[in-house]
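Alright, structures below, take your time with them.
In what follows, subunit A forms one complex with subunit B and a second complex with subunit C.
Moving on to the complex of A and B:
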């Protein structure tokens, strides 16, 4: 039988679809609120029941919003939290000291197979689990709130004065990051590729132009290669980071990354931890979506009648084109992403 | 009043620039004294144009110096260019007149009119000059009384343009004084020129222009003043050396420009004639009209005077929009043809020869070349092929139509880019012939590249180091194609081969109107000029490195990019 979505979940799906909630950060925040509400509710009696509810609701979200991977990411975080808290409480009850608090060490991962065979029975009601979970959730919330700021702080470590930086489209992380860089460093030149057909790059450019001591150059997407020879760094945001360290980013990011590779320009990707998803995708057909083509060519024009017109939303950028990820916890190489994933999520929750 | 204007315009001057100004002033004074004898020192081009009896030798010198100064001045603004060419042209005409040593009735009439105008200017000059900014005045003077007055003002003006922000009080004062002195000089000179103009061997062109000097000045001045219009120069630092396309300005009636050329100039500037083939054909057609209508001045050689006239026309076109490689190659060929004209043949026959040359050039270099290239490519296009192309190339269109005629089952992916959206035109044309098409914007090129079996690209020019100069975005398409291991074929006729070497798209390029990037009034970019630091940039061309191109298809053969110099060597008549 199919699980019914909660009222809050339907509301959230609707809000996202209509465009009331935009941006990965806002969506993550809202999803987290819902899960918090679920945890607070009395509808579950033991950890197993809670995990089942979270899984079901997450599946509904996933089915309704396949492109928004952050919702399942946050669900995985909740599942991991539940497991951890349960283990901890269980251990306390059993009076045996478990040293493996939050982190799953590599050693433990290797040796886990034998351990997991023992498989903990989560259906045992555990006193104080709810409180512990809510406590821990508070931490996650704070982490989420400060993630943007934590990324910004690293701007100084990566940008020197008189640098020429290229970015694409409009990412909020990039906007904040560059604003911080502009404050700290002088004579920056920021080249913004407009990212047609939505041209959100214009918004970023307008927003950055309000700062002092900076030159903002807006270029059409076609000029990326021409300008790349003068660029020192490419800084882009991403929609999500997949398990192999590749990106699922705004359309055009692939060209930018390729051009950067051609000129050996470092590509820095700003990705807060909640954008890391344990999905193994290595080509765009696995996740891409096509948007409205009206902006590409007007529907009423003669050639539009017969021609196939595409307006894809995402690009897959392979990990070899990315130099560095900057997350709220620091910098990471693309080859390290798998490790971050094992720290973030429980191996059993990779498939929800 | 003028001082204020100077403050506004030139906010910074270095010490040696002031020195240069003083020098110029001195030279101007000297020039005034030696009105009848040519000035010995060749300090500035403007000074050199003043001499009353210029010999041809000096003129070539003048031209050379203007060219060198143009090259040396770091900020070559359009105005400067305009002034420079304006000052050289009269000199050239001037020289010829003197050489010929006689004046036609027309010229005398023109002179008289000019005298009147100059007198008028001399009278009303003071008030007018005060009314407008100093720079406008300078320009006006340069146009009205070029013989006498162009020396001092044009140099100061050129100096002014070089420097802009921030200078100390003392420096500012010095500049103001220099300006005042220069102005005073100009006015006294104007008076003198009114009297002296006719004896000092009046040049033809400026005279004709001066029929309604005030009008011309007021109409043309707003566009020309660098201070009043912010987008005359590209303000992106990397592209300071390039001149930005302007919408209006400088299409003042120049009676020496043939109507067909004038029309073509406007078409070039407004981008109604685009694409290097189209531009070349349009140019050659206009040139043919010029040849037809050309009347050799009395006691002049047909070839030489036509050469001078055509040069003037080409300069005009260049001012409207920098010449395409194809056009300048065609022009060089034409010039070459002019020098080889037989001597003792009547003018009408010579004209026939030239017109025949132009027609065959169009037929062979463009028409037959396209057929040959298409012939080569037909072997490459087979059933089931998916051709990917970028923007709009007449040659690609021709090839696709030919393949369709052969009833090959293929389809075309047209990749396009804002702001030009020229691909829509290609899409329309291909649609008309019934070829199934797919259309995407350039950032989605990775999305469709997997389907493509071949990438066909048009080119603006092929450079001698094997780089392909083409519409911006071409390099990007080639790059993505390379990443997907799709062969990239560049189609380019040999008349577009250039002897220039270039390794990036920044040194030499063309800037289109940045306002094209603005999408409607709601766009965040609208009113960017007022926002100061927000600079849209609209590059016209980019450079594709040879390693991204599998082969170049020319009418000679299918070659690797790096064989361009070979073609240039074995076929020396194309490209110089």
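Moving on to the complex of A and C:
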């Protein structure tokens, strides 16, 4: 049976499609707002019903915007939160019932959780769940808000004076990260690959150029390899991180990563936690998105009639080309991503 | 949001405005609801407006108002992409037969409050029209007579769909000075542009590679202009009328060109349908691509290599999908079939070993085994039985059933034989090829006026443009056209400059030829020539000159039987002598006559050989006097007319002699 989408969800989908809401941070924020609204609304009576609503709406979002994985990531966070809060309240109620076992022994804890994994009935109405959820949601919101700042703080640890940094395109996290580094360090040289055909690298360069004490160089994508030999570090953003630690990043990232590998330049990827997605890269066709043909060749050219034009939006960068992820919780190696994912999401929610 | 509070942006969509070109499908439903790559055309237009920040849309329709209204309602119910932040009204008027009527009706209803976006329901564009609207507003502030801003898109000049235009624009203020539609299947060798365009403006740019997507920004005055001028039928009439009567109407039209990466095209006939389908599949109209979830909320297709868009719910195992294919959910294709450059709608069934190239199948079509479909459109629910061969621009109407082993090319098929749209139309003879398949003639039905003739140039034959190979060079495309390139070139070469003198000469030649053939009374011919003379304001001298020239310009003298020009001249003068002598009376007139002969001498090689005999003949018949010939001979230039003088020398010498001694002409007679 197909669920009807909420009005807020359809509006969000439309806004993202039209381009009114851009950037994964904004999309995540808006999605979180909608889920908060769902939790606040009185339309659910127990945890099971709430989880069903969240799943259904998430499926609609996924069907409409399969490339925007952050929406389902945030839904998974909500589901995990609901499970945790429910378990906690459930445990509390039980413990009140038999006071003798108020303090849980380690042995008890282990046996209890293994039991509850099998037979937790979420459909039991639980008093105080809504309030507890909203409390915790506040935490998630704060985490989201401060994620960019938390990443920036680590800039000094990674960027040192008179280093040459290369980046690609325009990522908001990278912009803030570099701005912080420019403030703290001197004689930096930042090379920006323009990332054709959208050439968003120009925007980044313009934005960074307003800072003092820094040299900005904009290069065409073709010059990435030539410039790489003198680069100390590559710092890029990403659209999302897949389960094996690989990246789905802006087109051109693979070029950068390969060139960096050739010259043994460390590749640092800025990825806030909400970009971590428990999906594996399996179907190449559905993975990518192809953009407008006119970005590549003009419509009124003769070959335009016969040519098939692909302008892919993303590159897949395998995990072995990434040196380090910097998230809001610190630096992680790509091989550690699976561990972060198990902490972040409940195993049962990996498939929504 | 702040900028919208001042003034809400309105748009007008004109539906059903090229009904005739989409026969027979247009007889069964609104053309605005025709699916283009499985999304209805109206939805493309509405989405384009929505993306341009339009908040209120009036869909103006005359033929299928209820079905369009139903579609709009369904769209809002299912969260169609355009239903956000935009209200859609469906309006229509009885007796609205053309674009002009629609505009007049809109004016009367007073729904439009400010500048508005005007486009056809068949326009596919991803352009952001906000900058154009801003440009129009700026222009309107500066020039109170701004009536409209037309939007054009640059395109390649090698494919024609009938929407290409040539315009002349003032480079400094983007004002339109000249507008001409280009031919559909031919490349022009030359363009004729009025001299005024260049004389009146110091800075004119000519654009010959533009596409007219029927997008315009209108001022409120545009509607009232339509109301004031009842003869404005189409948008082209409006443009032409305004350009001709610029001062009178005190209105001006401006032009905006879409920047690169903004696509716009009008789908007003089948070739355009084919072209735009292909452009959408090739992602030129991004974000209007099939795999983005255009109309519905969820994404319907998965994009594969070679521009193949396949719905996950379509069954196409063991089928060769070549390139540029869209297959919608619920369709099933059997093994062994090969599909390329095609669009397949929802719930279609395609049998084994079929070949589909450039085929456009709407929802629910069944194609049995071993069929070949090429360059064709198959309407909703149609059935094509085994071993059929359908090609070269065929269109099958909804629910028609094609019997097995039919071979069709360039034919329109409909399900029911009796299809008369209105009483005043000619009853069309229909041929049956099956119990539920009748051929619709595309040549005789409907006059172009009725079907919004804006798309058709008057000299084009009245047939529906059909699909074909888009990449075929233009000159070779000659299907459904009555005239061939050769005819056209020949007529161009012969046609001289049409100034008054030449027209007069042509008329005189016509009169004389007819008079000569019908042996009519010379007095009548004189009368005719005189009336022509006054019509073209010819002086007496010119008349004398041209009449003689006309006699020699007659077909019988230009191309005489057995090349015997003297016999022909003799015959002509026997009949037309009185006419000539009516004009050639005085000495001066004789001089004109001889001057005309001088012209003919240059043009006609037969006359050249016999010039002295001809002059002698005229002298003999008393058309020219001896003194006139002598005076003429005297003023002939020594060098320029050396040959002519030489030919005449003998004659003149003899004339000199004969004036001295009258009876000494036997000698000369023997020469003849």
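Going forward, the second predicted complex is superposed on the first by the 325 of 352 C-alpha atoms of A that agree within 3 Å, B and C clash if a C-alpha of one lies under 4 Å from a C-alpha of the other, contacts with A are read in each partner's own complex, and residues count from 1 in each chain.
The rule is simple: contacts are C-beta pairs under 8 Å (C-beta built on N, C-alpha and C of every residue); 3 or more make two chains touch, one makes a residue touch a chain.
Treat the numbers as computed from the prediction; the structure is a model and nothing was measured.
Trainee: Taking subunit A as the common reference for superposition, should the pair subunit B and subunit C be classed as clashing or as fitting?
Mentor: fit
Trainee: First (subunit B), second (subunit C), both or neither: which does A:331 touch?
Mentor: Neither partner.
Trainee: In the overlay, answer first, second, both or neither for which of subunit B and subunit C A:347 touches.
Mentor: Once the two structures are laid over each other on A, A:347 reaches no partner at all.
Trainee: Go through the superposed model and pick first if A:219 touches only subunit B, second if only subunit C, both, or neither.
Mentor: So A:219 only meets subunit B here.
Trainee: Residues of subunit A touched by subunit B versus by subunit C: which partner has the larger set?
Mentor: Higher number of touched subunit A residues: B.
Trainee: Please indicate which partner A:266 is in contact with in the superposed arrangement: first for subunit B, second for subunit C, both, or neither.
Mentor: neither
Trainee: For A:306, using the defined touch cut-off, is the partner it touches subunit B, subunit C, both, or neither? Pick first, second, both or neither.
Mentor: In the superposed model, A:306 contacts both subunit B and subunit C.
Trainee: Once the shared chain is lined up, is A:258 touching subunit B (first), subunit C (second), both, or neither of them?
Mentor: A:258 contacts subunit B only, not subunit C.
Trainee: With the superposition applied, I'd like the minimum CA-CA separation between subunit B and subunit C in Å.
Mentor: 10
Trainee: Hey, what residues of subunit A end up touching subunit B and subunit C alike?
Mentor: Residues common to the subunit A contacts of subunit C and of subunit B are 301-302, 304-306, 308-309, 311, listed in rising order.
Trainee: Could you list, by residue number, the parts of subunit B that touch subunit A in their complex?
Mentor: Residues 236-238, 414, 417-419, 424, 427-428, 430-431, 436-448, 471-473, 475-476, 479-480, 483, 504-506, 509, 517, 519, 523-525, 528, 531-539, 542-543.
Trainee: Would you tell me which residues of subunit C are touching subunit A in their complex?
Mentor: Listed in rising order, the residues are 50-51, 79, 81, 84, 153-159, 209, 260-263, 282-284, 286-287, 289, 291-293, 297-299, 302-307, 323-324, 470-471.
Trainee: Show which residues of subunit A lie in contact with subunit C when the two form their complex.
Mentor: Spelled out, the residues of subunit A in touch with subunit C are 5, 10-11, 13-14, 17-18, 60, 63-66, 285-286, 289-295, 298-302, 304-306, 308-309, 311.
Trainee: Name, in rising order, each residue of subunit A that touches subunit B in their complex.
Mentor: Going by the criterion above, the answer is residues 189, 194-197, 199, 202-203, 205-206, 209, 211, 214-227, 229-230, 251-252, 254-255, 258-259, 262, 284, 288, 296-297, 301-312, 315-316.
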